[in-house]
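Here chain A shows up in two complexes: once beside chain B, once beside chain C.
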Partner chain A sequence: MAAAALGTALVLAACDTGEDVDVDQDGSGAENGATDEDGDAAPVQGTFVAAISGEPDQFDPHVTSAYASFQVLENVYDTLVVPDDEGEFQPSLATEWTTSDDGLTWTFTLRDDVVFHDGSEFDADDVLYSFNRIIDEELANAYRFASVDEITAPDAQTVEITLTEPTPALLDNVGGFKGMAIIPEGAADEYDLATEGAGTGPFAMGSPGASGISLTAFEDHWGGPPSVDQVEFRYISEATTALTSLRTGEVHWTDNIPPQDIESLQSEDGIEVGVSPSVDYWYLALNQDVEPWDQLEARQAVAYGINREQIVDVTQFGAATVNQTAIPEDNFWYHDYAPFDHDPDQARDLLDSAGVEEGQSLGIMVVQDTEGVQAAQVMEANLADIGISVQIEQEPSSTWLDRQAEGEFDAFMWSWLGNLDPFGFYHAQHYSEGGFNAQGYNNPEVDDLLEQAASETGQDARKALYDQAAEMIVDDVSYLYLYNPDVVQAWAEGVEGYEIRPDRAINFENVTVAE
Partner chain B sequence: MSGYVLRRLLQSLVVLIGVSILVFAIIHLVPGDPIRQALGTRATEAAYQALRARSGLDDPLLVQYFNWIGSALTGDLGVSFRSGRPVTALILERIPATLSLAVAAIVVALLIAVPLGTISALKPRSPVDWFATVSSQAGLSIPDFWMGIMFILIFAGTLGWLPSGGYVGLTEDPVEWARHLVMPAVTAGVASGSILTRFVRSSVLEALGQDYVRTARAKGMRARDVLTWHVLRNALVPLVTVGGVQLAYLLSGVVIVEIVFAWPGLGQMALQAVEARDYSLLQGAVLLFAVIFLLVNLVVDLLYAKLDPRISYQGAAR
Partner chain C sequence: MTSEPDTASVPVATEKHRPRWAETLLLLVRNPMAIASGLVLIGLLVVGLFGQWLAPYGHNEQFVGGQLEAPSGSHWFGTDEAGRDVFSRVLLGAEVSLRVGAVAVGISLVAGVLIGLLAGYYGRWLDDALMRFMDMLFAFPALLMAIAVLAILGRGENNAMIAIGIVYTPIFARVTRASVLTVREDVFIRASRSSGAGDARIIFRHVLPNAAPPIIVQTTISLAFAILSEAALSFVGLGTQPPNPSWGRMLSEGRGFIEHAWWMALFPGLAIFVTVLAFNVLGDALRDVLDPRQRSTLSGKGAR
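Moving on to the complex of A and B:
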């Protein structure tokens, strides 16, 4: 089956942030800063307050698939390895790892100085327990272990993963995001993980409330205690409220920034805006089981017919980069390939040769209240110029997912978030039997390249294979890649030690607030 | 009287059973699979089947219904699929915020409606009456999200008098509770107040035209006493009816106001439950809203008898 990057979670979250409406907070006035759970006023430099636009559904890292949950969990749990801001994997709970010559056995050496928030000591059995929980209970991320044959613990500080085929994406699979968190042995029985935390991360989780959740510094954290005493997450779904809270000092940080406000915020005193390219992408997929989109020319006509620059301007106010492939420049996996310029004449010629008549209808299915809606509106205007009549079909995400799974669409718009390893953003999507190949793409050559790339252990050779596959995917218009949105976050002046990451992971371990 | 209450409660129970069947049926008819929604897009078919089996959604609908209603009778509304937490806990957690907002909003509404409606009825076609009509029209027409955002920008942003949003428990910090409550309560209260103003005006006008008012005036009663004892008291009955409906509406959550002010009320919870197709949470919420409406209606009916001695439930009991 498929395996992947930040995956599941974050993808769904793409629509969640748009429509997941919610609440806030727990206590504080503008001038005395935050109030902790008991209502005692905490000194402002001790508590970092973050307003997030979504609301976590629950806090079991192995179960949730909501981005808002992972914004919190990122600070509570650790994984064996962790991606840095270049997407390269660095040691975390594992200090080092080796791969056998045949690529089938990975050996991880674990840190020996790690304790969980509940005081128990971390060792190899906890890793076994965590991974086996995901595999045995067939939880959402079980697919990440598709090529895993066995996980063993030769000693307390060593974990050995045996594979059925070489899996160069294994580090991403076990450490790409906190959905692969290590929990203490027996934790699922001992705790209600939906509401209780049991991690090794810099902060311990307080009890969740309807309006937010507080995290407390974990003094015994293996990386040293974090720089603030508390992090308080508040759920504020209305951007005006979040931004006013930021201006008045009620919160220190927010990700709730409408693209149209970026420019005016940047010129405001007291607020810093971070705009940074992300590894997410938005795309359009045409159903290749439906006429006339089963014809290559018809799909390519759409590719020539749409105006990506316009889409980016309208939906993102420029806070995005057009791209005809998945991954943005600066990334190791970037491949410079852009065969489709906006060219309505070319598009019309292609439609003619495909025998598509003037006024051909095309339903574009989008999740309601997301940026996809505006993008679809631009496409509607673009495609009208080449004689395609677009109907925008807005659906709530649950219905969207149903229709997508059942193949009941002409085309859909969607995004993949947190893409780290190409295995995660090519296989499930473009392999003929891929789990997310809803568009029905089937190209034996691409299958072959993707199979080779999945087990190719040489990084450069692997990239060459993926580049080849990417060109075919683009040429065949399996996905019509549109753009990579920027990560946009804002924080109060004086906040230090925070870094925007291209995978949107939010880590407050080293953050400080000036008085 | 107690016989009447008992009968009403029994009737309510029948209504609730009807509501529970309707809610259950409608929710399951609405397209959208909660399992897919929970797992996202990258999960495998095996993971999908595993979660589906665990969720009990594969059971026949009738079995699911009786399982749910059976435990609901013991106060257990099931477990929210989305959060993994008991529905009862999720609802209880939001009741303080919802109650605070609803009660404060209805107080705001009455503070607007009673004086404004009464004065404009006493002086029909005067500038005061004109002002009352125009402002209640405006209060009804201004969208609450816009009003809320304006309040935030002015009173939190520019003036810095009040917090931008959020909720603090009354027991945690009464002062902060009140400060956080002001803007949402006024926003929600203005719309209700505008509706109520019109009712107050027309029922006061009607009472003013009654024979007993003319008689009271004729026998030389002071104008203020006539207003208090004869006019307002009689005008209260329709006001209580409409006010009761407004209160029940506020208690079942004012979604827009809750969203704008990041207020953790029941409305937002129900909205999220709809979006996530969180069946048990939504069923629990709708059942609760039905209970609120039934109870408020019962209280309103009982208040009639208190307000107006001519209304008696003794006769009806026979």
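Moving on to the complex of A and C:
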């Protein structure tokens, strides 16, 4: 069960958040006036081809945890609210929402002009059905409703969510990414959601193939039909193939770019490279139930012993920002705090005072064939300097999760993707009873701060609480934060209307191709 | 090679007064290809044994800010993406290659020869049972089976040795069995049997030494394939684990940098190429001198 819970860690880790649909785009439907005659006069922009590096495991938005799946689903499903590229929540299927004075009741007003791809009309019952499916079947994202007492529909256009305690992160919880998609009532019985789509998004899902999947423009989309007729996703795991296809014009867009190629691509004609800071972070967690890492000095020694800049250079070729906390610099919740410099002498002193002997071994568990392997090699070299002998333990992600759940590790390295609210960044990972606190961190003061922050509704007061908690988490080396990687994507020159986003959500609703 | 002459005293052509191993060695050194490959392999062995002292830098010693430097006086083969000296890593990789090759071939040699001896000597149902099982193993493409074995055992250098060892066992079993069949009914075997020698004694004192030449040749050639297999397995990430240097892994890492840093892939690639070639050439040369028919032509040539 713990393993299942940690599966969600990767869900989060693997999932993107949010959709780029802008409600104000109502106008864009009108602009595409030619399409108003239903399809026949569709804008002849043809097919947009995107090469993605991963392969979706399935297409049920409530079940899957793969980022590749969400890349497709982003264009097929909608949520009540969506984050914009600043991480602020905007209307989507809900046009507005209010919070009661005690913060315990949220009322969402729904759009009345939405139809599903199968032609059925959208109303409050669909929202209830979707959310209850996640809660009742204890699906991957059920924890997002942890503070939800009841969800009701006073009328067809209104949804009311009653909470057991104030939850400022509620918008993120119900609309942070397409894992919270709204599906039509009864869809799980009617369709095989793993292979069939039943959304309200700008594109309807075709049948999945082994090498890709096609989406067709949904003419009756509430935001107006999308600007291209079709979006074709191709699964290309080999980066050189993806880049060659981009160069020859076979694909219009790809996210499969090795960091070492960014620089040369940027100077290449016909290709545009988008680089944007992301909300993802990489970290190392030392097992606090294992000697000597149960000692603060030993953990701090590791924090002083590693060279973050070097790690970023080797794994990302600079396409990342070193950070000693989780939340990236341009985020509202960012807190400038960086107590650890690379200082081998200090590290050795700390090891001495912790009584750690020269040659102490440290197994670092990483998921096989990820950039974590690269980072671990740098750490091996860094920590050898202070007398710690690192063994790199590559595991398939399933084994990795099992070992993490069982606590069978000295240390592990991995990343979290797509968090938007500080609750997502800090709570479950560092709360003593937190679902993702595999490292065994237990600091009553931090627990206190996290509890207060979770239900504090004043934004500035809330930020102050999280800042305080973050400092203690960093000082105690619960997580040893490393860096925020950049989102890197490339597209053909002439592609317009696409926006690269920090949460890695990719949305092709308004994309156009020249010619 | 050296253990064979004394027991072979009965029927095998005893040429003049020189012991047979000396004769073999003499024939071998007359072949310039054999000498060249032998020298390469001796050099490789030295590097493999003393690489730690020969390599200018450690296998995971990283130069901050010195990433992807082209070959130069201070880094003969350049540096890789982590700022590590490629020359040092290629030298240290020799040890890994040789160790994996030797242990893997050791496993298949012991297992294969034993199976081949039993099957060939006792024949009948034991022969059928053992050899059909070997056929079964043999039916799988070698690398595919090694990958399958590693999927069960988990990745890593030790498991790679076991996997490669298993994969090459049937070849040794076949070669040994075929060779045993040709000597099993020889007069000297029958003679020792009638004089009351036990099976074990006959097998190990008489059959094995006389069946040895093809096995020796097979060993040399298998070393080449085992090293190649280790490189292949490490290339796909299943063999030697980072940060330990393995030519195959370096090659696969270098592949991603082929446009920026050709030296990362070229030098480990060359190392694999030269090593495998040397083992193969030596194996061929050994076959020539150990095969009785070839041998007489060779000696004939030499006499003239």
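Note that the second predicted complex is superposed on the first by the 470 of 515 C-alpha atoms of A that agree within 3 Å, B and C clash if a C-alpha of one lies under 4 Å from a C-alpha of the other, contacts with A are read in each partner's own complex, and residues count from 1 in each chain.
The rule we apply is simple: a contact is a pair of C-beta atoms (placed from the backbone, for glycine too) under 8 Å apart; a residue touches a chain by one contact, two chains touch by 3 or more.
Fair warning: this is a prediction, and the values are worked out from it, not measured in the lab.
Colleague: Applying the touch criterion given at the start, work out whether A:F177 contacts chain B, chain C, both or neither, answering first, second, both or neither.
Modeller: After superposing on A, A:F177 lies clear of both chain B and chain C.
Colleague: Given the touch rule stated above, what does A:N307 touch, chain B (first), chain C (second), both, or neither?
Modeller: In the superposed model, A:N307 contacts chain C only, not chain B.
Colleague: Determine, under the contact definition given at the top, whether A:W293 touches first (chain B), second (chain C), both, or neither.
Modeller: A:W293: touches no partner chain.
Colleague: Tell me the contact category for A:D60 with respect to chain B and chain C: first, second, both or neither.
Modeller: First partner only.
Colleague: For A:T248, decide between first (touching chain B), second (touching chain C), both and neither.
Modeller: Touch partner of A:T248: chain B, not chain C.
Colleague: So, does A:S264 touch the first partner chain B, the second partner chain C, both, or neither?
Modeller: second
Colleague: After superposing on the shared chain, does chain C or chain B touch more chain A residues?
Modeller: B
Colleague: Once the two structures are superposed, pull the chain A residues common to the chain B and chain C interfaces.
Modeller: Comparing the two interfaces on chain A, one with chain B and one with chain C, no residues are shared.
Colleague: Mind listing the chain B positions that touch chain A in their complex?
Modeller: Within the complex, chain B contacts chain A at residues 31-34, 36-47, 49-51, 82-85, 90, 93-94, 97, 149, 152-153, 156-157, 160, 163-169, 172-173, 176, 179, 255, 258-265, 268-269, 271-272, 275-277.
Colleague: Quick check: in the complex, which residue numbers of chain A touch chain B?
Modeller: 1-2, 4, 7-9, 11-12, 19-30, 35, 39, 55, 57-58, 60, 63, 65, 137-143, 192, 194-195, 209-212, 234-238, 240-241, 244-245, 247-248, 250, 396-399, 401-402, 404-405, 414, 428, 435-436
Colleague: Under the definition above, what is the set of chain C residues touching chain A in their complex?
Modeller: Chain C residues touching chain A: 60-62, 64-65, 67, 81-83, 155, 237, 241-243, 256-257, 259-260.
Colleague: Give the list of chain A residues in touch with chain C in this complex.
Modeller: Counting only chain A, the residues touching chain C are 239, 258, 260-261, 264, 307, 309-310, 313-314, 317, 368-369, 373-374, 376-378, 380-381, 384, 392, 394.
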